[in-house]
Structure formats: C-alpha cells, structure tokens
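Structures for review follow.
Each of the two complexes below includes chain A, the first together with chain B, the second together with chain C.
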Partner chain A sequence: MITLSDIPARGGTPFTLPMGLFAAVLATAPFWLQWVGLYQYLGVEIAIWILFAMGFNLLFGYTGLHSFGHGAYLGIGAYGFGLFQKSVEVSLWGGLLAAILAATVAGAIVGAFLSHRRGIYYALLTIGFGQVFWFTAMKLHWLTGGEDGLLNIPRPDLVIGSWRISLNDNTAFYWFVAVITAVAVLLMWRVVNAPVGRILQAIRQNETRARFVGYDVWRWKWLAFTVSAAFAGLAGGLFAMAQQSAYPDVMSLHQSGVIVMMVLVGGGLVSFWGPVLGVVLYFIARDVLGGLTEAWLLWYGLIFVIMVMVRPEGLAGLLHTTAQRTAPPAAVPATKPEAV
Partner chain B sequence: MVLFQAQGIQKRFGARVVLENISLSIEAGTVHGIMGPNGAGKTTCFHVLTGHHAPDAGRIVFDGQDITGLKPHIIARLGISRSFQLMNLFDDAVVIENVMLALPAFRKMGSSPFRATFGDSRLTKAALAVLDQVGLADRAWHKSKDLSYGERRALEIAVALAAEPRILFLDEPTAGLGAKGTQALAQLIRQLRRQYTICLIEHDMRFLFELADRISVIHWGQVIAEGTPAALQANKWVARSALGAVA
Partner chain C sequence: MTSLVPHLVNGLTLGLLFALIALGFTLIVGVMEVINLAHGSLFTLGAYLALSTIGAGWFAGTPFGIWWLELPMASRYFIGLALGPVLAGIAGMLLELCLRPTYGKAPLYGLLLTFGAAIVVEEAIRLIWGTGERNMPVPQMISGAFLMGGLIFSTYKFYAAGFAIVAILMVWLFLERTPYGAIIKAGAHDSEMVRALGYDLARLRLIVFGFGSALAGIAGMVMAPIWGLRPHLGIDVVIPAFLIIVIGGVGSFWGAVAAAILVGMATGITGAYAPAWSLMSMYILLIAIVGFRARGLLGRRSALEN
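Coming up: the complex of A and B.
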C-alpha cells in the first residue's frame, strides 16, 4: 500500500496541479453550482468541512493518531462563536477568534492527557473525551442551552475599512468561507511539506525510533492534536455562522465518525488532498443518494465498507495508482535532487 | 577517561527483578562488549542505560553528567545513540530520509516551516556521507522496506550514526546475519571504533572476542565477570557458563 510518505518532500512552490484545480473549483463554484442542480449552501458546507477534514488529517493521516472524538472540537468552536455573539458582542473576527481559542484550549488540555498513549488507548481516550464534551453541552443548560443549543446566532457583517458587507446572503458567505478555507489549506500545505511534516510522519511510522534520535515525541503529538483542534474550532465557528445556531449534535459521536469516514474514503492516508475528495463525495452522496432514498446513509456505508476492503488507500490512492499505470515510469525517482 | 558509567543499576517489573545490580564503566575510544545467556537482562540493561526505562536504583553518568532517569530524547541529544535488536526504522520513508531525520541539524530545522526536506544540499550531503560509511549510499533513494535484511541492519546503524553520537549502543547487530554479513559488520565496527566509543550486546562470541577491548558478562541481572577477552577466556566461571564452547 502506498502512504503519505511516498509523495515526495517537495519544498518551494505550492503552485502544483492539484492546488490549481482546488483553487479553481473553489473560486468558480458559485457560478456553476446551481447550473448542475445543486445549491449555494452546499458549497458553504463543503468548504467548511474541507477545512475541518484537512485539519483533522494532520493528526489522523500524517501523525497517525486516531482520534474518534474530533467532532467535539468542531462543536466547541461552534459554541465559542455563538457564546461570543450572545454574551460579549456581535463581532465576526471576535467570534471566530473565540471559536479557535476555545477549541485550541480544549485540544491542548485533552492533548496533554492523550499524548502519552498510542494505538487503541489513544483512540479510546479521544472517544471518552468527545463524550465528556458532548454530555457537558447537553447538560450545561445555562451556558449551552442544553439539547436545543444556541439559537439565532447572528452572522455579523464583514467590515473592511469603511466597507461593510453583509454575509446573510449565502453567496457572499460562501466567498468569505472559501477565502478562509483557501488560506488555511495553503498554510497546512506549507506545514506538511516542511520538515515538520516529515517529523510528524516519522512519529507515525515509528514513535520509538523518533524518540531515540532525539525528538520530543510527546510534544509533537500534543502539538498535532492541538493544531488540528484549532482548525476544527475555526470550522466550527464558521459552521455556527452557516447554521446560525450551535447544538449538541454538532459534537456528537456520529459527527466524529463522519469525519473519519470522509478522510478514509477520500484517501487522507495517502494524499494531502484525500480529505477534499472525501468531503465532496460525502456531500454529493448525501444530496444525490439522499434525493433517491431516505436510507442513503446505508448505501454510503456500503460504499465505505467496499472501499476499505478493496481500496484501503481511498479515492486519492485510486487516482494515484491509475495515473501511475497510465504514465510511463520515471527513470529517476522524482525526489532526487540534482548534483548531490 | 571514563566516558560512560553505570553504578548499581536495579530494575524491577512488578515483582520480577530483571536487573539486580549492574555496574559498568566504559572508557572513551574503546569497544565494550556485553554478553550473557538469553534472558540475562542484556537488552533491559540497554533500555535502562539509554533512557527507555528509568532504573529503580543506581546512577548513570555520561561524561560527568548524571543522566539517571532523563527522557530518551534528552539522552539522545546529549550524544548517546542506539540501535535496536528488533529493527526500528521509518519503513514508509526512503533510506536517505531515515538518516536525515536523525541528523541533529535537521531536527533543529524542524520548527522552520519555510524549508523543504530535501531542499538543503548540505543536509542531503551529510546524510549521504553517513550512508556511505555503512555502504548504503547507492541505495539512498530506495524505500527502506525494500532493502534486504542485511541492508536494513546496516541502515539501523546508519540512523544511530546520523545522530552524531559520542557513544554508540548496538543491540545484537549481527542478529540474523549470515557469516558474510557478520564479517562485513565486523569490518564496519573496526572502522567506526576510530571515531566512536561503542558498547555492544552480542551473542556471537567469536565476533565479540575479536572486537571488544573489555567485556562484561551478565547473568541473573548481575555482572558476573568483567575483563579483557583474554582474561575472560581464562576465567573458569565464564568458561563453565554459556561461553564454554568458544573459549
């Protein structure tokens, strides 16, 4: 099976073909979404989940730490944004910062408990903490509004200088989310292609070896968890804006499972772009299959099972191997720099 | 000069005492061998000396600094490097990346997000130089899991060397190697001893007696004998134990 480490440790330019495609689709979506029979709000959802999934994959795919409770940090971000609007002031950047901050703090605390562990114990603890947050959101009525959650969260206007843009329209909001997602993806691309990315992958491959060549494995694992929680928080803040509410379902175990499924189906284990494919496939399946049958999740689940059985590398792996089969093999490995 | 010293090391796992009382003293620039029967506590001893387990009692001093109970990555950064009996490599990565990750210069670069892994030619050169030492330079861009068993053994040593150690701990480097591989490894260790202080666990007595300056024999979690290979061969207790056949 191929892995993330097969993709060469490129430096330099982020202007690659997949990045170009991604940017092009992101930048043109509002012009063709309706034309192909979809709707603008779907674009918003997909962009938000791409942000969530890519941040999640820093932990899941790159560092090999299997969190099955990551919905919690999406939810914390959503509540963070909502509570900021309701209790502090109506502010776009304030709310998003609060979302990131809340999820980062929660991630940093939980990460401190997790980072000594690995394998199944790590996974179990993430589920445990996920449930703790979900339960808290359900029961802490005075703060979270219990089962109903926070309703009527405003979408504050975007203010740039003397320019004030309302985000209440889904197209305007889409542009806002798309820009944030694009910047975040660029940032993550930079991180995973820098030495940091190789160090995280080294930890995935062999924690013990990494430790004995001098890496503070605990600190890197903690950092990976905290950073991915921060991205989840940002996605959660945007999600609260999109839904104009925050409710316990956002952080349920179901949600945590969905993100794992998206990343696996898309091929997050073999490619940086895997999560994007997974998210797009999930939402298209939801809308297309969902239009045909109420039991769409059953069919999607079947696709997932078949995928894991025959193509554990996911969609990205499938594309990668097909491309390799059609292209003539390169004589020299692509990673080899000239004149060493 | 004594570079590395362990005094009265004790290690228990629950009620089981694995290391009763281990004392070692390794002179700079020498090859120090550790031998003993299976289950004697040799590998546990290595684990304690390199920080994988903290000892329950005793003191470990490296170059005048007390390192007892320090974390493995701190001990590694001080210049204590090790290989493993069961191979521990970065299997998805190419050979040169295994070595690169261990270079202190790369580790320090780890926090800079504006670098490419293979973009720094000084680092690739340094990594290739290490691979050249163990004879793997021409395999640099192969995946480490595609290497032969013997080559993986060599890579295991290369990774330990890349960390720029002052003392090298090798845990049964000949395990699983044929006669030819063992000879090549002996040659490699003869070369390495000019630069490094080496401590190695070995089952292959001939190999050890040929290379080591001093040998500690461990049995029942204790050092039951210590001395030069010649002195040990004359020791009737050692002769009566596992070594009889060779000595």
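Coming up: the complex of A and C.
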C-alpha cells in the first residue's frame, strides 16, 4: 500500500498539476455550478469543508493521529465567530480571528492532554474531549443558546480601504471563502513539504524511532493538533457566516465521524489532495443520492464500508494505481511524484 | 442523607445496566482488538427486532399473526427476548465477515469500518421502522412501581438490574468455566498460539463477534423500555460502552464491570445535584482516569496501543 510519504520532498513548489486543477476549479466554480444543476451555496459549503478536511488531514493523514472529535473545534470556531458578533462588535476579521483563537486555545489545552497517548487510546480520548465540548455547547444555554444554537449571526461586510463589499449574496461570499481556502491550502502545502512536514510523517511511521532520532515527539504532536484545531476554527468561523448560525450538531460524534469518512474516502491517507476529493464526493452524494432517496446516508455508508474493505487508500489511491497501470513501465518512476 | 438514597440506588441500577451494555463490547475488544462502533446500532437493532416479534411484525394480518397476537403478552415478550438477540447476533456475524480484510492492519480500519456499519444499520432501521420514537411493551408482572422505605421505585428497573447481574455472571461463568471460554480467552491472549494448536481462528472470531452482538441485542431489549426506542439510539449507547471499556481497561472483564458501576454511580450522584449535567460526569471521569492512567483501572498491555 502506498502512503503519504511517497510524496517526495521538492522544496515545496506549489506549481503542480493537482494544485493548478484545484485553483482552476475553485476560481471558476460560480460560472458553471448552476449550469451543471447545482447551486451557489453548495460551492460555499464545499470550500469550507475542504478547508476543514485539509486541516484535519495534517493531523490524521500526515501525523497519523486519529482524532474522532474534530467537529468540536469547527463548532468552537463557529461559536467564537457568533459570540464575537453578538457581544463584542460586528466585525468580519475580528470574528474570524476570534474563531481561530477560540479553537486554537481549546486545541492547545486538549492537545496537552492527548499528546502522551498513541494509537487507539489517542482516538478514544479525542472522542471523550469532543463529547465534552459537544455536551457543554448543548447545556450552556446562556452562552451558546443550547440545542438551537446562536441564531441570526450577521455576515459583516468586507471592507478593503474605501471598498465595502456586502457578503450577503452567496456569490460574493463564495469568492471570499474561496480566497481564504486557497490561501490556507497554500499554507498547508508549505507546512507539509517543509522539514516540519517530514517530522510529522516520521512520527506517523514510527513514533519511537522519531524520538530516538532526537525529536521532541510530544511537542510536535501537540503542535499538529493545535494547528489542525486552528484551521478547524477558521472553517468554523466561515461556517457560522454561511449558516448565519452556530449550533451544537456539527460538534457531535456523528459529524466528527463524517469528516473522517470524507478524508478516508477521498484518500487523505495517501495524498495531500485526498480530502478535496472526499469532500466533493460527499456533498455530491448528499445532493444527488439525497435527491433520489431519503436514505442516501445508507448508500454512502455502504460505499464507505466497501471502500475500507477493498481499497482503504481511497479515491486518490485508486487514481494513483490506475495512473501507474496505464503509464508505460519505464515512465513509472518519473510519473510517480506527479501522480497524486 | 435519605434524599441521596434513591439517587444511589438509581446510580447502582444504571451502573449494572451500563455493565450489561458494555459486556459484548468488552468481549469483542478483548478477543479481536476491534473497537466495534456498531455495537450501539446492533443494540438498537436487537431491540427493534424484539419489538417486531412481540407485535407480530411482518406477519400482522396473516392467520399466523392473528394467532400469535392471541398468545399471552408475557410469552411473546420472552420469545422476543430470545429472538431479537439471536438475529442481532447474525447481523454481527455478517459484520465480522466484512471486517476480515482489516485484520492485521492498523486498528484504525476496524474502527472506521464499524463506524460505517453503524451508519448503515441506523439508516436501515430508519427505513424499516420509521424515524419516530417507539415504546417497548412490558409484561404486567414486571411493570409498575413499588414502595420501599417510603420511596417509590420502578419494578422494571429492578428487573433489568437483576437481569444484568445474571447476564454478567453467566458470561463470566462461560468464560471461566467452560472449555470454549478457555479457547476464547486464549485467543485474546495469543491468537497465533491458538491457531498453532489447531483451533479454527476464523470460526472463533465469527462466534465471538456473533456472541458479543447477541449480548448487545439482549441489552437493547432490556434497556428499550427505560430509554425508549429511536433509530439514533445507537450513538447514545456506544459512547457509554466504550467509555466504560477505556476506564476499566481494555480487555479486562471485571475492570469493565467496576467501571460501569463507577460511571453509573457518578451519573446518579451528579443527577442529585445537577440533573442537566449528569451525563457529563462520565466524560470527566474518563479524562480524569485515562489522563493519568492510560490503560484504565485494570487494563493490561494490548496491541491497540501501537
């Protein structure tokens, strides 16, 4: 089975074929979404979840730490954004900053508890903490509005110099989200291809060995968790803007499991771009299968189960092996770096 | 102090019921080192199947169904109590067959596969029985309430707690005092050696998974009158189950029982002072115990740590 470490170090140049494709699709989506029968808001949703899923994959795929409670940090970001608008001031950047900050602090605290653990115990503790946050959000009525959540969160205008752009229109909002997602993805690309990324992958392959080589494994695991929570918080802030509300449902174990499913189905374990495929497939499945049958989740779950059974490396892994099979044998070593 | 007594009794019965829920879970984790996230869904499935058995289900309206419904409630109930878990056990065996490709890989894959299976089962339940909440009927002799020391207790809860005690003892006797129990324990300890001795490991795993799932089904049937029956009940169930396993120590039978009673008591006592937060206490307990003692109360080293 191939792994993420098959991606060679190449000084982190982002100008690769998948990056170009990703940028092109992200930049042109509003022009053809309606034409293929979808709608603008779906683009917003997909872009936000791509941001969330890719941040999650820093932890899940690259560092090999399996968090099953990551929805909590998305939720904390959403509440951070909403509470900032409601009780401090209506401000776009202030709100997003508050979202990132809230999730980072929560992630840093939880990460400190988690980072001594490994394997399934790590996963179990993330479930425990995720449930604590979810439960707190449900019960702290005066702060979070309980089960209904915070409603009527405003979408503040984007102000650049003397420009003032309203984001209330979904197309304008899409551009805003797309730019933030693109910048965040570039940032993550830098991180995973920098020496830091190599250290994280070393921890995934063999934690003990990484420690013997001299890395402070605890600190790197903590950092991976905190950074990934920060990205989740940013996604959460955008999510609160998109939904114009923040509610505890996104923090549930179910939602945290769904993000793991997306990343795995897409192939986050073998490719930087895996989560993108996974998120797009999930939302298309939700809308297309959901239009055909009430029980679309049943079919999606079945696809997922079969995928774990026969092809745990996901869609990206499938593309990779197909590319290898169709390429002439001599070209295999040369095309391998470009394949995923 | 008297005001605390009902909460303590409640906590103890809840703890015994948690132990019943965790029983099948700990068996599967101990022998197969698979965290079965579908445990809660099999629990729910068992209860729904029992419900359909009691209410004639798909035979309603046919001569057989009419004859069936004329039988006394109690006998239908006890047949449901047997049939629901058996069918849940068969579903569990199917799940085990699906799990086979993940053996020998990281435990993550087993976790993911059972999570997917949990969603599939839950959606299937929604499709078959509808989304609404259902009530599990209970025979006359174990329903109602009684007075003890000036306090009102529900008869059914006592029946359920007694049932839990019997089930725990039976499983323990099965594991400790029968040859098959010895093979299962040996399989948990060193599966290679069991294979080398000529036992069919694949069949052993299939049976253990089926048995664990049947226990989930029994727990579902017993718990349904207390918690109500809804399709997404599974997730409310699997979380206490695995919390208990982690607190008690993975693979430890009495660790799980002790943890279950601890969690039940903690929930019961918190319920006395802050009812809204009573479920939170189990998560705090988890973090407090596992944060300082990774393997739980009575845990031993297992492959799941790597």
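General remarks:
Operating definition for what follows: the second predicted complex is superposed on the first by the 327 of 340 C-alpha atoms of A that agree within 3 Å, B and C clash if a C-alpha of one lies under 4 Å from a C-alpha of the other, contacts with A are read in each partner's own complex, and residues count from 1 in each chain.
Keep this in mind: a residue touches a chain if its C-beta (ideal position, glycine included) is under 8 Å from a C-beta of that chain, and two chains touch if they have at least 3 such contacts.
The model shown is predicted, which means the values in this text are computed figures rather than measured ones.
Of the two partner chains, chain C is the only one that A:Phe129 touches; chain B does not reach it.
With both structures placed on the common chain, the touch criterion links A:Val308 to chain C but leaves chain B unconnected. Contact with chain B, but none with chain C, is seen for A:Ile199 once the two complexes are overlaid on the shared chain. Using the contact criterion defined above for the overlaid structures, shared-chain residue A:Gly20 touches neither chain B nor chain C, since it reaches no partner. Shared contact residues on chain A (touching chain B in one structure, chain C in the other): none found. Those residues of chain B that touch chain A in the shared complex are 50, 52, 71-73, 76-77, 81-82, 84, 88-94, 97, 100-102, 104, 106-107, 109-119, 121, 124-125, 128, 141, 159, 162-163. Residues 35, 37, 98, 101-102, 105, 107-109, 111-113, 115-117, 119-120, 123-124, 126-127, 235, 239, 242-243, 246, 276-277, 279-280, 283-284, 286-287, 290-291, 294, 304-306 of chain C are the ones that touch chain A when the two sit in their complex.
Listed in rising order, the residues of chain A touching chain B in the complex are 3-6, 8-12, 190-191, 193-199, 201-202, 205-206, 208-217, 333, 335-337, 340. For chain A in complex with chain C, the residues that touch the partner chain are 66, 68, 113, 116-121, 123-125, 127-129, 131-132, 135-136, 139, 252-254, 257, 260-261, 264, 294-295, 297-298, 300-302, 304-305, 308-310, 312.
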